[in-house]
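The first chain written gets the first letter, and so on, giving A, B and C; residue counts start at 1 in each chain.
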Amino acid sequence: MSRFHYLPLTDEERAEMLNDLGINSVDELFTDIPKTVRFSGEMELPPPLSESEAVNHLAELADRNYHLQENPSFLGAGVYDHFVPAAVKHVLGRSEFYTSYTPYQAEVSQGLLQSIFEYQTMICQLTGMDVANASMYDGATAVAEAAVMSCNVTRRDKVVVSRSVHPAYRQVLQAYFDARDFRLEEIPMKEGTLDGEEIEAQIDDQTAALVVQNPNFLGMLEDYNGLAEMVHGKGALLVAAVDPISLPLVKTPARYGADIVAGEGQSLGNFTSYGGPLLGFFAAREKFARRMPGRISGQTVDTEGRRGFVMTMQTREQHIRRGRATSNICSNQALNALAATVYMASLGPQGMKEVASLCLQKAAYLREKIESLTGYRVVYPGPYFKEFPVMVPGAPEELNQRLLEAGIIGGLDLGRFYPELENSVLFCVTEKRTREEMDKLVHELEGWK
Amino acid sequence: MRKEKALLFELGRPGRRGASLPPVDVPEKPLEELLPPEMQRETPLDLPELSEGEVMRHFTELSHRNFGVDSGFYPLGSCTMKYNPKINEEVAAFPGFTHLHPYQDDATVQGALELFYLAEQGLKEVTGMDRISFQPAAGAHGELTGLMVILAYHRSRGEKRKKVLVPDSAHGTNPATITMAGCKAVEIPSDERGLVDLEALKQNVDEDTAGLMLTNPNTLGLFEEDIDQIARVVHDVGGLLYYDGANLNAVMGYARPGDMGFDVVHLNLHKTFSTPHGGGGPGSGSVGVKEKLIPFLPYPVLGKDGEGNYYWNHDLPQSIGKIHSFYGNFTVAVKAYTYLRMMGAPGLKQVSRDAVLNANYLMNRLKDYYYLKYQRTCKHEFVISARQIKKNYGVGTADVAKALLDYGFHPPTVYFPLIVEEPLMVEPTETESKETLDDFAEAMKKIVSLAQKDPEQVTSAPHNTVVGRLDELTAARYPRARWIPEE
Amino acid sequence: MKWNVPNGLFYTETHEWAKEENGSVVEVGITDYAQDKLGGVVFVELPEEGDVLSKGESIAVIESVKAVVDTYAPVTGKVVEVNRELEDRPEALNEAPYEEGWILKMEMENRQELEELMEQEQYREHVIKQEEEEQ
């Protein structure tokens, strides 16, 4: 009797099959592995566990972590503790979805292809762009691929990025560019936002794109008045990374002239998951559709005129264009995109607007209360969406230690990424933070130092 | 059985809600005070408005129009569509895993870090490599990371090598990755055995060779028997050897890439290690390296101090940098780790044994009906061809695939690898029973008969699916990638 | 022969045709045989007017649903006009490869190169040979 319950073959069946093949042992099927590379003996791994033993072991590991369900958190910085409706889990739990793969055989994958089409549509509705793809790995790689695409489209090799863009995005951009001999330049920050005067000087006829983020890493909404015109005037593209949760209230990137929109979609129906899996979303203007990376679901008809969906413009992709593909991306974050689809369908326009408003109002409330404390100061005037930097009267590490003892996960130590923001903390407030939780935080801040 | 399905945008009514939120519990300020008018959204947000029940019915119906491994046999070659254990889903959903923030202090997530550590130890043993990074989010991402590591290594020695060699049977992501890494792909032809042509390889290596990307067994399911010599040829010119781990399911416990001479490896946790494919993702393309390449891994790298505390080490001056916002697809690693612990060494070896037995058994059952170019023992997958059927009856690989849908099977991979005419790449995996394989072989046999008697029935397949054969041509010519409201 | 091979055109081994026009301009496209083998054309990536290309260099990229193929310059020269209609109706390339499906016009540098190409009979034989090899 097999103790490995995922393996159906019985010894009897194996014997029948070996007989069919005219051999005596399965080992005869491995003689093509030369002795010089053959592994002898047994791999040194812990002995196999039964299901309940495995559960105990994993539960023990999970229990050792402080998590957001037990401790209210004021951490944001790219990954957020937003409300996820119960329906999401129940849709994602349907194994017809999660045990399937890329919908290469469209006729039996209409479920997934249609949901991807719906996802693409809603991303376009949120951002105002014309066409979106089925997902990228995360916001950072989505932005990096947008930058690479800009270089390919404009046939230039320099990209300029604002320092107010998420540090991780800039680091991933740098890594992708280092590999290609593309050049990455940074525009300094001024008062927590991108320095408008510097941009004119740095964007020239060698620039493929300017990359900005709105709200930026510090939670501030940026002023892009005249930006797109200037960038386009130099023949470059505008790439905007945005927070989808903000879009029901904040001006869409389409309206301020973005050519490509990329960003982190984790906030839409996905958990923080210790930073992965996340959800990179990617959208662009119609004219760039054939230059985009990633899978795209498209509408079509079958032989009887019935509407259906297929993966379209596959010639952009690696399995056809190979070395000349728009990207090497194959597997993406499909299931996380499905979560986003269920989320957006569940919340609808009213719900999404409410989430945005709750974040805005609650963050404003916390901001005001902190401003009134002596020793604390919101670093820049704003305006802010759901997070903001606060100068604190001491080392953020110490503050967070104290907060943890009070059962609160504090904000991000900004000194890690911006030397000029030493002793500053990025506090994030989502719709999940209650007034009590915020008051408690303020109380702790007040009591410190 | 044919049925169209409404889109979300064609359902619902204005005013419906599918989720509830708590009322605002702080004093509300006027919007203009917090958000200047010129920064506010101008266009109305046009999302669908459905009740929760409508949302659930919609997606439930969609799930009925989808086929996964839990629905039936899914022999997609190169993808290892093995059964996805349900316990993986259970443990990966523990809030102690899902509700962690990546910027939390290391001291507060020791359980997660220990999981990364233990998973790494396990994968090191399976692959024979010295360190593993879980940062890459997919196989192709792992390929890019691995190539970047190789190039960084050469640069550290003052060399700027720009050529990367791949066999002509390579998966498309390989040359696409090479381009993304700023290098030039050089294709090495396969010989009559279906393996890398050693002579051609020797002729194509030089001091500009950064490395060779190989999968072993290769995409034809054949083990590269000359791997020792291949490794030597590449290493002799100072190049490095990269292992595409897509086919690791064939050799666990029998051979390890680290012992074959590979310097860098990527694993597909969503293939070999049973994590679900998710409809296209998320996967995980963990990268393994030999000691000399450790300094170049993406940061941060996991560290363990004298007291057994885990921490993220960002101090890697020679690192290629970051290739993901954080640490990779953590909950996917949780699932892979759970599988690794449940199978252990004997389980993983049995996996490879059954995967290879199933493939050879099925190949033997099919070779009388479909052309088999390489008549030899395969590993976990094999490639047959519909070329004779195409020639005789006008029925090609695509048609065979569509006909299989009517029998309730997901077809094998079609039109890959490119070096075989009208190819069907079949990978049954170890989680299939003999009766499933027999049923599949029967169906494949019937399709050939049908092609002979009534080819039009095959070329007009599928007949039993919710939609008929779809027009990909028009979709590609005039793409409609989003819903537009009819005026 | 089931494929159309008009007289008066010049043909390359890679299945492009060139038609001499006024002055040193040639019109270029792909043959009926080529479009048949390719299947339904989905998209054509055209060069820019003014691009200078050498004989044998890739001048356009043609995509079908499942394949991407290069089209090669039959002669060296400068692109003076591209067929914008292919952007709106790529199927024109399948429907009328020698008429509406023309791809571009180039100003030849050296008429000698044109004369080195195949004419109707030679190209027909070339196609027959290709077909035999594929059997």
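By our rule, a contact is a pair of C-beta atoms (placed from the backbone, for glycine too) under 8 Å apart; a residue touches a chain by one contact, two chains touch by 3 or more.
All values reported here derive from a predicted model rather than from experimental measurement.
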item: Central chain (distance from its CA mean to the mean of all protein CA atoms); value: B
item: Chain whose average C-alpha position is farthest from chain C's own; value: A
item: Inter-chain centre distance, chain A versus chain B - centres from mean C-alpha coordinates, in Å; value: 19
item: Geometric centre distance via CA averages, chain C-chain A, whole Å; value: 45
item: Rounded Å distance between chain B and chain C, as computed from the means of their C-alpha atoms; value: 38
item: Multi-partner residues of chain C (each touching 2 or more other chains); value: 42-43, 63, 65-66
item: For chain B, residues that touch 2 or more chains besides their own; value: 472, 476
item: For chain A, residues contacting two or more additional chains; value: 313-315, 320-321, 324
item: Residues of chain C that touch chain B when the two form their complex; value: 39-43, 63, 65-66, 90-91
item: Touching residues (chain side chain B, partner chain C) in the complex; value: 415, 472-473, 476-477
item: Chain A to chain C touching residues, read off their complex; value: 290, 313-315, 320-321, 324
item: Footprint of chain A on chain C - complex, ascending; value: 42-43, 63-68
